[in-house]
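Next come two complexes built around chain A: one with chain B, the other with chain C.
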Partner chain A sequence: MFENFIASLMTVEGFAFYLFSILTIGLFLVTVLSKNILYAMTSLAAGMILISGFFFILGADFLGVIQIIVYVGAIMALYAFAMMFFDATRNIKENNTNAPLVFILGGLSALMLVMMFAAPIHSDAIVALYPMTEGVGNVQDVGMVLFTKYLIPFEVAALMLLVAMISGIILAGKKMDNSLTEDTSADDEILITKDEK
Partner chain B sequence: MIGLSHYLILSAILFSIGLVGILRRRNILMLLFATEIMLNATNIAFVAISDNYGDLTGQMFAFYIIAIAASEVAVGLGLLIVLYKRHGSLDLDDLASMRG
Partner chain C sequence: MEVVHLLPEITWVGVMIKAILILAIISALAGFGTFIERKVLAFMQRRLGPMHVGPYGLLQIAADGIKLFTKEDIIPQNANKLIFMIAPLITAATAFIALGAVPVFPDFTVPSWIPIIGDTFVPSIASDLNVGVLFVLGMMASGLYGPLLAGMSQANKWGIIGAARTAVQFLSYEVITALSILAPVMLIGSLSFVDINNYQSEGIGSWMIWQQPVAFVLFLIAGFAETNRTPFDLLEHEAEVVSGYATEYSGMRWGMFFIGEYANMITISVIASVLFLGGYDAEGAFGWLFIMLKIAFFFFFMLWVRASWPHIRPDQLMWFCWKVLMPIAIINILITSLVILL
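Here is the complex of A and B:
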């Protein structure tokens, strides 16, 4: 068991896996347990970058790049902009009731998940639905499957992102919650400015 | 050698960290952070299984999970800004208006 661990540390994949997993777990623990929102956000961004490292190890190059661009580039930037609205430098005061209960529940669910995932899979019926093509890069392979077999979900995802963008603009923008065409006070303002001229 | 179970166990640990965050924190922004952690943990599991079976379906699902996470953050942060303007606080205990 221990010799196996040492031997796997000697390979590039094993060393990268253990390094990334220790760092990711540590950074996400900082995110969950920190009192300061800025510390939590920064460690979350660093953990996201390290998770893209796992994707690169697993041969999913395209997804790794997407992880960096979307999560660290877009989502974290969005959080950073939202920080301007909230008072981020002040420490959060929370009354954490029943902290032991939470950790017991979390630990039990972790144990259950690990036992479920560590159980051996006994099935020969599992076959690849869209197998990876030999001699073709990951990006080309993903593109071929995404734009043939998953084209309609792709379009629906585009529509969903559009809806999310519009709702984000309406929720965060100023005076976006009242309609401009039905707003009679806007007409009055226009008339007043006309009269002044 | 690093196998499938290594990645699945890592994914389970990360998911539990996110779950502890959801259960423990009272600040809504921290709840959003914990949700991101849980989504990322499932992504690792999907990509590891995809690599193990030589199947691209797992990567497709991870792709859509990233798209859903992006739109979730856009809508969630908009709602948080409206809540903060209205109540001046993001603490769940302050925002509880229905004393059940």
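Here is the complex of A and C:
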């Protein structure tokens, strides 16, 4: 068993897999354990980039690149934007009010991890439902499955995003047509509160 | 990875050599770019620009380099030191990684009279991905963490404003870049730079710019915003926010932001040349020369625009992105897909 590990470490794929695994787990540990917003955010973004490495090892270039664009380029950047409202250079105080809930959730996650790690014992039972089509690229393969088997979930997801976008615009965009820099009504408000003080 | 098996000529030595070459040449070009920028701006404003150091001011690059390398590396007291030190590296690294996946020359074989490396086949890209366009876009998108983390870690209000502007500007204009590239990619049917280049190999008439002029203009505008060039350089607009995210930086860490910025300018120029202006001619003998000229033209164009146009306000930037460019981009995609369908 140990010889197998050494042999797999000698191949490019094996070495890359173990390197990416160690780095990803380490970075996500920093995310969970660090009390500093900046460390947590940076390590989460870096871990997301390293996860794309697994897709590249498996030959799923398209999914790897999408992982970078969606998680690192968009989602993490939005988190970062929300973090601007805090003082990022100071440590945060965590207040954990519900210890039993944390215990149950932590236990369930641990159980799930054990099951995930134990799954390859029955690797012969795992069959690809939609195996790769020969002679076409990654993008075409994903597109074929998306627009045949998963067409309805795909369209529903698109509709949900549209609903979210419209409600976001309605919530945020009450005075969207007025330029904030040219808006003088806010100046009066500021002056009034200043006078009251 | 499967690409490696398809091309047995790619060895890890070759990839290493190319990576080092990209690093060396682009860093040098970035330094030279600052000189060219000062000269071009000077000529457009009827000045001479740097003239004193060396012939025609050429050694100004060396003087600037010495200054950058020997300046004290100051880290502010209340800053988050580790993140503050890493941030410039992210900008430079992502810019260079993006350059690893764009083609600059046609494939060629090293002439046999050169010792040791004679007869070696050299493919056009350091790593030819099937999804090269997306990879480059993704890498440039993750480049936003440089200015963002720099601004957030330095405990400086101008830095925070610069970081906020980074997040808003880059996120918004990424949408325009992706949507503008989508239309030509739909016509070509591939995300690989080599396929895109070969699609346009039948002379000037087959260039993408004639089929997709709207996408070309949109891509250039978004490219200016993503490389933080002048009409849209709100991240470090010195009249408003001192120097934005770079306020507290000095020496080589400051320099690294600008090496990254110039490398990104080159990347945008390469993508614009390959995607819209035909790229390199794979069969012709002077393909490498033509693509160099195209890249140089786009680089010059960025300087030209800087000399001609004033900055715009942040709210104008956002208005322009979401209310003008995005509807045009989506209508362009709709029309393109209708034409493909019918």
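Everything below uses one rule, namely that the second predicted complex is superposed on the first by the 132 of 197 C-alpha atoms of A that agree within 3 Å, B and C clash if a C-alpha of one lies under 4 Å from a C-alpha of the other, contacts with A are read in each partner's own complex, and residues count from 1 in each chain.
Note that in this section a contact is a pair of C-beta atoms (placed from the backbone, for glycine too) under 8 Å apart; a residue touches a chain by one contact, two chains touch by 3 or more.
Keep in mind that this is a model prediction, so the values were computed, not measured.
Residue contacts after overlaying the shared chain place A:L161 against chain B, while chain C stays out of touching range.
Of the two partner chains, chain B is the only one touched by A:A40; chain C is not. Applying the stated contact rule after C-alpha superposition, one finds that A:A74 touches each of chain B and chain C. Comparing chain B with chain C, more residues of chain A are touched by B. Look at A:I66: by the touch rule set out above, it reaches both chain B and chain C.
Once the two complexes are overlaid on chain A, the chain A residues touched by chain B in the first and by chain C in the second are 59, 62, 66, 74, 78.
Here chain B touches chain A in the complex through residues 1-2, 5-21, 23-27, 29-30, 33-34, 36-37, 40, 43-45, 47-48, 50-51, 53-57, 59-60, 62-64, 66-75, 77-82, 84-85, 90-91, 93, going by the rule given at the top. Remark: chain A residues 36, 38-39, 42, 45, 49, 56-57, 59, 61-62, 65-66, 68-69, 72-74, 77-78, 80-81, 83-84, 88-89, 137-139, 179-181 touch chain C in the complex. Taken together, the chain A residues at the contact with chain B in this complex read 8, 11, 13-14, 17, 21, 24-25, 28-29, 31-32, 37, 40-41, 44, 47-48, 51, 54-55, 58-60, 62-63, 66-67, 70-71, 74-75, 78-79, 82, 85-86, 92, 94-96, 99, 102-103, 105-107, 109-110, 113-114, 116-118, 126-132, 141-142, 145-146, 150, 153, 157, 160-161, 163-165, 167-172.
Partner chain A is touched in their complex by these residues of chain C: 1-2, 78-80, 82-83, 86, 129-131, 134-135, 137-139, 141-142, 144-145, 148-149, 152-153, 155, 160, 163-164, 167-168, 170-171, 174, 190-191, 313, 315.
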